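You will see two complexes here that share subunit A, one where it goes with subunit B and one where it goes with subunit C.
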Partner chain A sequence: MKELRQIAAKLLTDGAVKVVIGWEEGPRGARAAFVTRPEDAERLIFDARCVQNLATYLSPRRRHVVGLGKAAVVAKPCDAKAIAGLIRESQVKREDVVILGVRCGGVVREPTMPASLTAETVADRCGICETREPTLYDHLIGEPQPEPPRVTRREEQIAALMQKTPQERFAFWSQQLERCIRCHACREVCPMCFCEQCVADKTRPVWIESSSHPRANFAWQMTRVMHQAGRCVDCGECERACPVGIPLNLLTRYTAQSVEKRFGHKPSDDPSIAAPIGTFRSDDSQEFIR
Partner chain B sequence: MATEETKAFEPKIVAFVCNWCTYTGADLAGTSRLQMSPNVRVVRLPCTGRIDPLFLIKAFERGADGVIVSGCHPADCHYTAGNYHARRRFAVFREIADMMGVDNQRMTFSWVSASEGNKWRDVVNETTERVRNLGPFTEYQSLSRD
Partner chain C sequence: MSTRILTKADLAGLVADLLSAGTRVVAPARVDNPQVAAYRPIASFDEARLDGPLPPRSPKEFFLPPTEVLLRWQKKKDGIELQEVATEHPKQVILGARPCDVAAVEILDKVMGWDYRDELWFGRREATTIVSLACRGVDKSCFCTAVGSGPDAQKGADILLVPSDGDAYLAQILTPKGQALVEAHAQRFGEASGAEAAKSFREAATRKVASNLPIEATKLSGWLADNYEHELWKRLAMRCHGCGACAAVCPTCHCFDIVDEPEGIDRGVRRRNWDTCQAGKFTVHASGHNPRGTQNERFRQRVLHKFSIYPKRFGELLCTGCGRCARACPAGMDLPEILGQIAKLAGAGVPTGGTK
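Right after this comes the complex of A and B.
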């Protein structure tokens, strides 16, 4: 933590960056912090409550953050994957961001929880995460971390769901999506959702109805997950941001599993590796095509 | 006049086809007077690469019981690579749809060239039969009820 604060203060003092995006202590646990003065670097923290994916603030869509000037961002390994995604898709230039990579031993499910990691408190995605430190960084901070508690509850839920009939799955998602209020928090929080105009906001023609009608909610989630295929970094933010608790990570994770099985692609923090959708191989499998 | 009981279920199927291969193949099937089920409505697009998965979602929203996506065989795309992109896209989309409960049996993906009128007839007939056996897509259609 001391190391992080020192580096942040130095970057700001030297004028190398105008803002350091990290986490600070908030009234309800860890929250995003935008540090613009070297003396404020003391506010920065990093522990298992630093759940939020701060890469989302780098997208050019966040004009209020972009307006602050060149940024340094504190990044866990999964956040670094999102930054790599933004670089890969020409949203951010590598030289325009300073990445303060932190070694990570997993995070808890909510930033309001105590920082102790147990099988009950660890975030589902961390329970299967293999990455303890990012490879995309300018500074690597912190001691090597132990592996987080191994939990596979999300994978088991997906497997159980896939055991059911399509009709049963349809009923399951109908029930879940019934609660959706179409606030689009899942989109707003996502570092990889950076379109200037989202297809869900189009009115001429209307592809996805804007009301929170079950029909529209199905179309919205199917489209959102489709657009995330092979790009989702599994930071879990969509599900965490959802105000009505729809298990969105079941969809994103299942899609990631399918993409990995089919194209051997895992999200990585190497911006030079192309995403699987948008590229192709002439010998891609086509067992489903008559 | 037919009563409700005597009216057999006829599936509504929407086919999204590319202009250069499958549309021409379907045209050949027609001019060759091949007999095929009249349940398929054809939507002609420039290329399978132009077919957004949203088209399929929209078709289901508007009451389709099944969909067909068909275009040029690999290496035959008029635009060089549109069908390769479509192949990846639909490989993923059908799994997402499956996860959300849209039975993959309701979707047919095929390569039909301009000379394969017979294959088009088979694709149409097989899809119609398969969807007929599955019955109407009441789950999705019931979403539209207010």
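Right after this comes the complex of A and C.
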């Protein structure tokens, strides 16, 4: 923590960046902090409650953050994957961001929880995460971290769903998506949902109806998840933000599993490796696309 | 009006009576995740969780659904045929709702009946009897006492239940609608007793909540109206995503969008859907100009609408202090903290202080 604060203060003092985006203590646990004065670097914290993916604040559609000037951002390995995604997809230039990579031993499910990691408290994604430190960084901070408690409850849920018949699965998702109120919070919080004009907001013509009914809710969630295929960094923010509690990460994670199986692709924090959805290769295994 | 006693067994009986008479009963109830409750229609009293966790969403959807049909249209040879929807609604009782949730319904009557009487809203209002339940205070995010209300407030309720001795509730009958419900089920209600226990329940809850945010939010409107360009707003919402989860869970947020959706080549449906001022597209003009271009301006709008604009027009705050917005926010935006900061600037009462 001391190291993090020192580096942040120095970057601000030297004028290397105008803002350091990190975590602070809020009334309901750890939350994003936007530090613009060296003396405020003291506010920065990092522990297992630093759940949120801060890469989302680098997206150019966040004009209020972009307006602050060049940013440094504190990044767990999964956050670094999202930053790499933004660089890869030409949303952020590598030289325009200073990455303060932090070694990570996993986070809890909600920032309001105590910072102790157990099989019960650990976030689903961390239960299977294999990266203890990012490779995309300007500074790497913190001691080496132990592996988070291994939990596979989400993988098991997905496997159980895939055991069902398509009709049963459809019934399951119909029931879940019936609750969707089409607030699009799942999109707004996502670091990889950076489109200036989302297809779901198109009105001339309407591609995806904005009302909450089965046809539209399925169309919305299928579109969102397909657009994240191989791009989703599994930060879990969409599910955490959903005000009606739809288990969205079952969808994003299953899609990631499928992309890995079919294309051998896993999102990484290497900006040079593009997701299959964004690549064209003349040796593609599918004939129709060559 | 009068006070009666209602034991838990009689409440269960009352629910059974209502259900068998075909009345829909909405109550905080179990959902698949045992840590969570939600307001939903129940099939028996066993499903209700009156003393369970706070449902993350308010029951406003039982008056203003997330989506509802306004009319249907069909092209005919000689023009367009419009088909209106029914504005009469089946009877419902909202049972065990928190005082902050039911106060919101009465607050919203003002805007819903302002320049135009919203028939769908008032249709549901008229069909509904609200039996609220005094709350013991949920957590640090509750601040109903700071908005001139409280965990035992009566506003919006037809009957207020207050936990009393043992397994009984003291039932305060507040409106003719409440009276009618009691009369129709007279055998379920007993002579009032246990007033002392109910009183100490109310006092303990009020003390607990009042310490969360000891300010008078009703006194902030002047400062807010005069400080539109204050420095505070320029940095207030850096962490805000504009995701609108706060508005979705809020009992008083009521903005909606109206859309036409085709149902075939010659017919379609007009619907209204929840919307929010936190969404970037909410204020985009046809020219492409957006008067609220960034999240800081959008969040200022949220605060101003609730604590200055609505009070100016309708004489009361558009916030019941339920704290749901703070609990739902994935980014840690915290309305009570922000109100504390504003109170400090405005000098209205003593704030508990924020983290900045």
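Note that the second predicted complex is superposed on the first by the 279 of 290 C-alpha atoms of A that agree within 3 Å, B and C clash if a C-alpha of one lies under 4 Å from a C-alpha of the other, contacts with A are read in each partner's own complex, and residues count from 1 in each chain.
Everything that follows uses one rule, which is that a contact is a pair of C-beta atoms (placed from the backbone, for glycine too) under 8 Å apart; a residue touches a chain by one contact, two chains touch by 3 or more.
These figures come from a predicted structure and were not determined experimentally.
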{"item": "Subunit B versus subunit C as contact partner of A:Leu140, first or second or both or neither", "value": "neither"}
{"item": "Contacts of A:Arg31 with subunit B and subunit C, given as first, second, both or neither", "value": "second"}
{"item": "First (subunit B), second (subunit C), both or neither touched by A:Ser211", "value": "second"}
{"item": "Touched partner set for A:Ala275, first subunit B, second subunit C, both or neither", "value": "neither"}
{"item": "Which superposed partner A:Arg290 touches (first subunit B, second subunit C, both, neither)", "value": "first"}
{"item": "Subunit B versus subunit C as contact partner of A:Met222, first or second or both or neither", "value": "first"}
{"item": "First, second, both or neither for A:Ala171, with subunit B first and subunit C second", "value": "first"}
{"item": "Contact residues common to both interfaces of subunit A (with subunit B and with subunit C)", "value": "213"}
{"item": "Subunit A to subunit B touching residues, read off their complex", "value": "161-162, 166-174, 199, 207-208, 213-215, 218-219, 221-223, 225-226, 229-230, 250-251, 254-255, 258-259, 262-263, 276-282, 284-286, 288-290"}
{"item": "Residues of subunit B defined as touching subunit A within the complex", "value": "53-54, 57-58, 61, 74-75, 81, 84-85, 87-104, 108-111, 123, 139-140, 143-144"}
{"item": "Subunit C-facing residues of subunit A, complex", "value": "24-34, 43, 52, 56-57, 61-65, 67-68, 111, 181-185, 188-189, 201, 206, 209-213, 237, 240-245"}
{"item": "Footprint of subunit A on subunit C - complex, ascending", "value": "33, 36, 56-57, 66-67, 140-141, 235, 237-239, 241-245, 247-249, 257, 259, 261, 271, 273-274, 276, 279-281, 293-296, 326-328, 330-332, 334, 336-337, 354-355"}
